[in-house]
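Below: the structure, in structure tokens.
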Amino acid sequence: MRELLVDLHRELIRWGLVVWTAGNVSQRIPGEDLFLIKPSGVFYDALTPESMVVCDFEGRLVEGELSPSSDTAAHAYVYKHMADVGGVVHTHSTYATAWAARGEPIPCVLTMMADEFGGDIPVGPFALIGDDSIGRGIVETLTNHRSPAVLMRNHGPFTIGKDAKAAVKAAVMLEDVARTVHIAQQGGPVEPVDKAAIDRLYDRYQNVYGQK
Amino acid sequence: MRELLVDLHRELIRWGLVVWTAGNVSQRIPGEDLFLIKPSGVFYDALTPESMVVCDFEGRLVEGELSPSSDTAAHAYVYKHMADVGGVVHTHSTYATAWAARGEPIPCVLTMMADEFGGDIPVGPFALIGDDSIGRGIVETLTNHRSPAVLMRNHGPFTIGKDAKAAVKAAVMLEDVARTVHIAQQGGPVEPVDKAAIDRLYDRYQNVYGQK
Amino acid sequence: MRELLVDLHRELIRWGLVVWTAGNVSQRIPGEDLFLIKPSGVFYDALTPESMVVCDFEGRLVEGELSPSSDTAAHAYVYKHMADVGGVVHTHSTYATAWAARGEPIPCVLTMMADEFGGDIPVGPFALIGDDSIGRGIVETLTNHRSPAVLMRNHGPFTIGKDAKAAVKAAVMLEDVARTVHIAQQGGPVEPVDKAAIDRLYDRYQNVYGQK
Amino acid sequence: MRELLVDLHRELIRWGLVVWTAGNVSQRIPGEDLFLIKPSGVFYDALTPESMVVCDFEGRLVEGELSPSSDTAAHAYVYKHMADVGGVVHTHSTYATAWAARGEPIPCVLTMMADEFGGDIPVGPFALIGDDSIGRGIVETLTNHRSPAVLMRNHGPFTIGKDAKAAVKAAVMLEDVARTVHIAQQGGPVEPVDKAAIDRLYDRYQNVYGQK
């Protein structure tokens, strides 16, 4: 699980979602009120399975020698309040963050968005690091919402999933659709996909896509 | 042929046409009503010659252990109805998909577009996955059309070719011209290339370019 | 010299100036009316020193087993009419081609442009492949001009230099400034650098920069 | 220290901040009025620890066989007049240079900007290479300013830090926020982060982020 988490951080680099040390992935430890997360300010190249740290749902370091990611409190709050979430990702990926800066949801104008996000991608509140307000903003926005992604205002995206890999996938797809829809709208108005088609696409992709 | 197909999927990554697992290449098996295609939801790095699956022209799995690409029905329909097509590619490459989202054909304003596409790049209908409507949309748009590429509305591009390599080439060139024309138009109006010049360029490129 | 030419083609890939097989570099053979150029339609990965072909100043193949680049006539014309030119590069790099599509010169608004191009980057005429009209357009535009780059209308850039390496450098710098100035202008008006400053920068860079 | 400097130049390439040979990093030699800097016009791939040159605070070569970077005078001026600065970086990274071309400060609309830059990123004067006017422009703009980055008008960014690594980090973060804010503003108006929130974020990031 630690090795997978290192590999998933490399995926953030590979798909251009992060620069320097600015992004993090966490994975819930099944059956325990704990999760694994990236240490703070460490280069992606320098991450090793051993360097990953274990935190509890109050965001406190439980195991590991390095300080946990400065976003640990937000991850912890999500695990504590969303029992189905097994993975959380935070990045400042360019296009998703641009929508977040304007506080504008990404409209569902692509079949790929219907597949993965099941509709528009919502905006969360402006919240400061330091207490649980980022975590609360994520949980309040994504509870009972199909989208595994939220655009935190003036900040950047958080994505969730059944495990860390699913949350990374959502982060990759989010940046891809954020970019495509931005570019589409630069050239003129874009017709949204209608609700019934979105529902059909979402249902199919969630249940049929991939290998059994 | 299986090895070539793996390599051609890697070209999609190399030229930035796909993210995660979202794109696929297929190749007709000469002399049979069958084609090779990518398995569904498998990472490009994990593709092996053996992992490629064989389907018939109804899109049914004929050989292979993995489920075929979720776009198999569209590929199958194209092979069934366009006898000259030996390869099909589907991506959600950013700029081509942006034009598709607006439902706007890409105007032929570059000599490179005249060479490869012989004119404007057309838009196909909005069609849902699950029956043959995507396949029909591709075939109806590209039959008797010079362009090997169609922009499926709110979805993304499909390209065709005499073999899988030619279809991948068309997908690469499509994204390149989609991006260049988008950027050109952002800066002001762009004069189209006149019809006679397009015809001359298309004829030359199709018959003279490359090695014999 | 053949090896260097292979390496310089790889630089086109490295800096993102070309896709697939669409770009070429040539190098004058000193003291002869001949030059080395890329064979037509061959992948950059597959280029070897031996695969490079030798052509004369009429664009005819003199040595080599492969057909020369389809742009050979344009390169030949430049060598024939500009005795100081030792290298020529042609690409369809995105931003330079976008300016070319609009037929708009790139205004000199950056010190880096003053350094390398000595002023605005000029537009050449619309010209069709097949005779010497592209070559003539390049020569007429660049003769007695500081800029080593011309934007051929609806087509793409050609760059020249004292050798192939200098022409590749100009192609790389061209795309860089074409992109930066495009993006700058998207955000509002851009003040040009004044003529006296351009002259001083150009003179210094041409004579002082780099190693002796 | 020489090895680190070579590696830091590679970071400029890795994060896409420079093309060809156009950018440079320097590092103050602690306790001496000297600094290490890149030689002029040498490829990033060709840089070795031995190729780095030592200059004094008048910008004169003190040790090394190659000519120092053509921007050496600007680096020297900064070290001479800002005692806390241990590293300086200069690039022409695309988006930062685009803001510089318009002479427009980057408004602080992202939490990541508040963290690293503590407010808007300021514009410095238009200044020509050849005397100390670039150095003076940097020092006058950044003295008593939180931002470690200045956008030199019609030229490009310079960043400073307690050492070369911190200055490279600032250069990487600068381009990232320059791009994100540009793209955000293309889609409509962007609300700035309020002053009290900026102060809190800046204070936390400067004092809590990373490992002790």
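Read from first to last, the chains carry the letters A, B, C and D; within each, the first residue is number 1.
Throughout what follows, contacts are C-beta pairs under 8 Å (C-beta built on N, C-alpha and C of every residue); 3 or more make two chains touch, one makes a residue touch a chain.
For clarity, every value in this text was computed on a predicted model and none was experimentally measured.
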Which chain's centre, taken as the mean of its Cα atoms, is farthest from the centre of subunit C?
A
Superimpose the Cα trace of subunit A on the Cα trace of subunit B, which carries the same sequence, then give the rotation angle to the nearest 5°.
90
Examine where the copies subunit A and subunit D touch and state whether the two sides share over half of their residue numbers (same) or under half (different).
different
So the centre of each chain is just the mean of its C-alpha atoms; given that, what is the distance between subunit C and subunit D in Å?
31
How big is the gap, in whole Å, between where the Cα atoms of subunit A centre and where those of subunit C centre?
43
Show the residues in subunit A shared as contacts by 2 or more other chains, in ascending order.
186
Chain touch graph shape: choose line, ring, star, complete or other and state it.
ring
Which two-chain combinations qualify as touching?
A-B, A-D, B-C, C-D
Can you name the residues of subunit A that touch subunit B in the complex?
15, 109-112, 169, 172-173, 176, 179-181, 183-184, 186-191, 193, 197, 200-201, 204-205, 208-212
Give every residue of subunit B touching subunit A within the complex, in rising order.
19-22, 39-42, 66-67, 70, 92, 94-95, 97-99, 101-104, 126, 128-130, 154-156, 182, 185-186
